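Every chain is named by a letter (A, B, C and D) in the order it is written, and numbering of its residues begins at 1.
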Amino acid sequence: MLKVGIMGSSGFAGEELIKILFRHPEVKITALAAKIEKIHVSKMYPWAKVMLDLDCFDMSADDVGKISDVVFLALPHKVSMDFAPALLKKGKKVIDLSADFRIKDKAVYEKWYEIKHECPDYLKKAVYGLPELYRKEIKTADLIANPGCYPTSIILGCGPLLKNKMVDTNYIICDSKSGVSGAGRTPTQALMFTEIAVNSFRPYKVNFHRHMPEIDQELSNLADAKIGVNFTPHLVPMERGILSTIYLKLNKKLNTKEALNIYKDFYKGEYFVRVLEEGVLPDTKNVARSNFCDIGMQIFPEKSLAVVMTAIDNLVKGASGQAVQNMNIMYGFSEKLGL
Amino acid sequence: MLKVGIMGSSGFAGEELIKILFRHPEVKITALAAKIEKIHVSKMYPWAKVMLDLDCFDMSADDVGKISDVVFLALPHKVSMDFAPALLKKGKKVIDLSADFRIKDKAVYEKWYEIKHECPDYLKKAVYGLPELYRKEIKTADLIANPGCYPTSIILGCGPLLKNKMVDTNYIICDSKSGVSGAGRTPTQALMFTEIAVNSFRPYKVNFHRHMPEIDQELSNLADAKIGVNFTPHLVPMERGILSTIYLKLNKKLNTKEALNIYKDFYKGEYFVRVLEEGVLPDTKNVARSNFCDIGMQIFPEKSLAVVMTAIDNLVKGASGQAVQNMNIMYGFSEKLGL
Amino acid sequence: MLKVGIMGSSGFAGEELIKILFRHPEVKITALAAKIEKIHVSKMYPWAKVMLDLDCFDMSADDVGKISDVVFLALPHKVSMDFAPALLKKGKKVIDLSADFRIKDKAVYEKWYEIKHECPDYLKKAVYGLPELYRKEIKTADLIANPGCYPTSIILGCGPLLKNKMVDTNYIICDSKSGVSGAGRTPTQALMFTEIAVNSFRPYKVNFHRHMPEIDQELSNLADAKIGVNFTPHLVPMERGILSTIYLKLNKKLNTKEALNIYKDFYKGEYFVRVLEEGVLPDTKNVARSNFCDIGMQIFPEKSLAVVMTAIDNLVKGASGQAVQNMNIMYGFSEKLGL
Amino acid sequence: MLKVGIMGSSGFAGEELIKILFRHPEVKITALAAKIEKIHVSKMYPWAKVMLDLDCFDMSADDVGKISDVVFLALPHKVSMDFAPALLKKGKKVIDLSADFRIKDKAVYEKWYEIKHECPDYLKKAVYGLPELYRKEIKTADLIANPGCYPTSIILGCGPLLKNKMVDTNYIICDSKSGVSGAGRTPTQALMFTEIAVNSFRPYKVNFHRHMPEIDQELSNLADAKIGVNFTPHLVPMERGILSTIYLKLNKKLNTKEALNIYKDFYKGEYFVRVLEEGVLPDTKNVARSNFCDIGMQIFPEKSLAVVMTAIDNLVKGASGQAVQNMNIMYGFSEKLGL
């Protein structure tokens, strides 16, 4: 049994990791850390009563490392880079769900996150944990930079057309919609039930969200061109799920059927990416609590426009599920285990 | 135009008062106070933009009194009793939405609210602002103790049967369910959207809620007997609304039709109490954003059981709407104005 | 008192009309028609109990006309054009909430709605009831074609920039999100609570929605150029509200402040359009149950991109509220009455 | 691998069975039947795409039996009794989720369900599938009458006190609240999103719900006394979950700690019943999508009142999860498999 530790157990990604890893037949959760008073997991998460018998408390990375083979960091950015090096030096594998190791260019990271990067050496060693693009590198990685939720939904949606250089890279519009869990668990008035369950749907941080540089980096890699997307995130009054509607200007004549074939080809053998049939559009409910990414598409040849729509669960394929998928790849387990 | 001030404008009851009073043709809102940095009302409540041009800030009761004829205190208990006397001494009328003047017995108040009452003299002067029971007293009152939301739903539901001495007063069971706004606006993790909109329905404070002594006091008055109810409040994943299901053991033979007639008689001329026809049950959505209390009932004569079900909007008939109804009575306006 | 009839009282727009007109001080609802068995309004809408004493039944246009001065047709397309002529010939004013008189070009109507237009002569006489654009014509109109909900949110959002010819008219992207009431009241499995309140957010009818020709017609008029938008509607798990995120390619250098000034200028004196300050974005909850349209904006000069975001309540400014606003204009009432 | 067939795949219980059985390591779903046109499971349930490759169509019980070892009947009452005998005669095991074999007294069944029972002989053979009470009988049963959702929540809540004869059996009050999936999947206006997600909470069928005779039968068995409960179901605006608040009059002096010990004793070794600590109350969210039943309790000795609160997921422990638990017992699998 692989021993896994979770640092940041009290957030949504941490909770989702516990749920997924609990039903994973090849692992045993050995450590639950969080910056809180010691508490039994069944007090923190009453759903876990009788399922898991473990205390959660403010453990050091060192202490977590001592009893774990692999450590998930479900931490805010900045905190992860404080913990990862110690674990890696001890020979532990680290799957980091924060943004700290996603951006290859230190300067870009520091500009968007407004802090100094403490261990830039690791930026090169970290592998961007999107299995559909980097499976080979993930297999042998020690440090995974697990992708952000919005980026996952957008990169998977744009990948095939960009890779095939069929898109005008100057005018990519990503209109994304996320469930409220994407905003985290820290109580604020704006996130109260009474503020959201009152017919509230709203955009925020237009072209200002910290997932932008991550999206730009990966799309640029795919297209082999410098890309700067337009990105408008919105908050949907539901718990979980992201739907991204992506508008791409095509530079090739193409119809929907042809485009879908390009996607099916690109994602051949990828269990967790489901390219939908022509006329079928994704719905976040179909991927809720699963690690799937559903992709639907409509091409308007007369307008040279592709509308690509992707749906994921922000906490699963957009965070903890993908992290476990990465772990499965790193340890040679079947990629679906626990998922 | 009657000049009205609102202290506690930043809470739910305060916000609802602004909404109601804004469309009241005989009043002008002159003061918005809250313990916050000065802010324009349209910043605090973007829905109010262009509707209302007023700053909200940390005004003293004195300052509010200077520019108002009547002052609504939409404040937490304890704070109200600090402010009310100063206003009353200046000749202002005060409608207090807190619990501070509801409990006639100082000792009972102090036990349940775990603080000393600062101005017990006013307990006698205060009129319990349930128009259906105390309209005459309200007309000439200077200080209204506006009823709690749960008590309103329960007292109106029990009133007719208790008044007619048809109930075994030893075994009254009140199973109440409230929307989340009843829990107030202070951000806590338990009240976040992500904690509630996940199939969460739960009881809390069984026979331990501070509305109990208020319910007991008024039911005892009605029945002319000492009553101690059993009261289980529950939290419903919706914004607003209270539904109380009340189980009464009858000491008289009675069928549903006869009971409904007793209720129709008791509430004759009461616009805001709607006794439903036999076979029709209340639904909180039918009273949402209105000042109505809907009452449905089913009697099981063979079991000597009455099941009375009442629905109100906790923020309207259960708070701000009833407060304005009281104001209308105090100033001789049509009782429906603004409501 | 103006006598108003409502045909189509059993749908959402009909219900909303009843709510609004009930509190309108200058009108009296005299007829409620719907294709259903005769039923008292309080049975159909329990919230209306004691408020309104009227039966709703399957009245002919003739019979409604006999007891009304103005008739609201809250009917499906096709049905409206069967009723409107008879009423107009009797000298009644008609405010039609269906699509039947919105599209000036009969052929376009017939293509999109897949039926023959029965009374094309009225297309010219009908005035498109968007007061911010056609107030003068509305004043003297007999037949109002009340705008669709999506079109209202998009036309108001694009108006000022198009009118000022600042936009590349070939690549307008409208990504709209609507609450579920937009889909009407006919029960289908897809619209059940249990299908939607399970983290469901989804696009539908990409570039295929019947509101498209209406949007194209009005934007073309504004820009004085032939416009064909890209329009992706989405379903949001909330009752009401539309938020449209509109991406416009600018052909003029412009910053956010300048753009906002253009909007403030364009909507000067328009009570129901609120242009938000720089940095403030709209939220559907701020316009819920009101007739306001909130407009926020961010310009990215280096990308020549304008992101315009508008929020309305689809049942109010997007339907019944705007219909009453039109009635107020037609009869010389204050435009805000009842709203 | 055990071959399982599901009849009634298109309802909620059927869908939940597919979800649970799909992840069960010892079974293979071999037949999906429903009274609909032939459709691939991934069209009916888009979440199942790539997971399950099976058509669903209108198969006869015979045809299902040919390819299955055990058949789940997730059918409406009346339909189950048409199918079960044929399957049983073929030596198949049947787990029936309808009410057809739950009520031992044919006359009671026929009175409440208003139809003739077609195969009363099977009433005796059927085992009431509540493992916590009938595990021994379930082990060797061929026909399981899987309990109703409300009964499960109430019987488990009352069991220990009734068994110990500590309750006045004449005045049991069960105030239950259910998520909307309990009302089934047939589209009606009352179950639309737009009717429920508008602050709707309501009681229905007071002392009139068909689960009553089932509750009475099992409570009477437990108490060895004729019991007729008072039962008020309510509809909660959430997808799934039942919370029952049960008021029991005690005939023994007892405090909360003692009562909890009685419950812990009664449910010793029962993995799926979690007796909560003193002061902890159940919440439906803690059991959502799990087979647990959480039980909380507060005793008021001075009032001789026990308030027992239980939470289950109506589709899991209240239907399909319990059905699989029964299957696990019948086939000697670990009781937790798949759950």
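We take it that a contact is a pair of C-beta atoms (placed from the backbone, for glycine too) under 8 Å apart; a residue touches a chain by one contact, two chains touch by 3 or more.
These numbers come from a predicted model, not from an experiment.
Visitor: Is the C-beta contact count larger for A-B or for A-C?
Guide: A-C
Visitor: Which chain maximises the distance between its CA centroid and that of chain D?
Guide: C
Visitor: Between chain A and chain B, what is the gap in Å from one C-alpha centre to the other?
Guide: Measuring from centre to centre gives 46 Å for this pair.
Visitor: Can you compute the centre-to-centre distance for chain B and chain C, using the mean CA position of each chain? Integer Å is fine.
Guide: 37
Visitor: Cα centroid separation between chain A and chain C, in whole Å?
Guide: The computed centroid separation for chain A versus chain C comes out at 39 Å.
Visitor: Of all the residues in chain C, which ones touch at least 2 other chains?
Guide: 195, 198, 237-239, 283, 285, 288
Visitor: Mind listing the chain B positions that touch chain C in their complex?
Guide: 46-47, 49-50, 271, 274, 276, 280, 283, 285-290, 292, 294
Visitor: Of all residues in chain B, which touch chain D in the complex?
Guide: 171, 173, 175, 177, 179, 195, 197-204, 206-207, 228, 230, 232, 234, 236-241, 243, 245, 247, 249, 281-285, 288, 296, 298, 300, 303, 305, 307, 309, 311, 313
Visitor: Give every residue of chain D touching chain C within the complex, in rising order.
Guide: 12, 180-181, 185, 187-189, 191-198, 237-239
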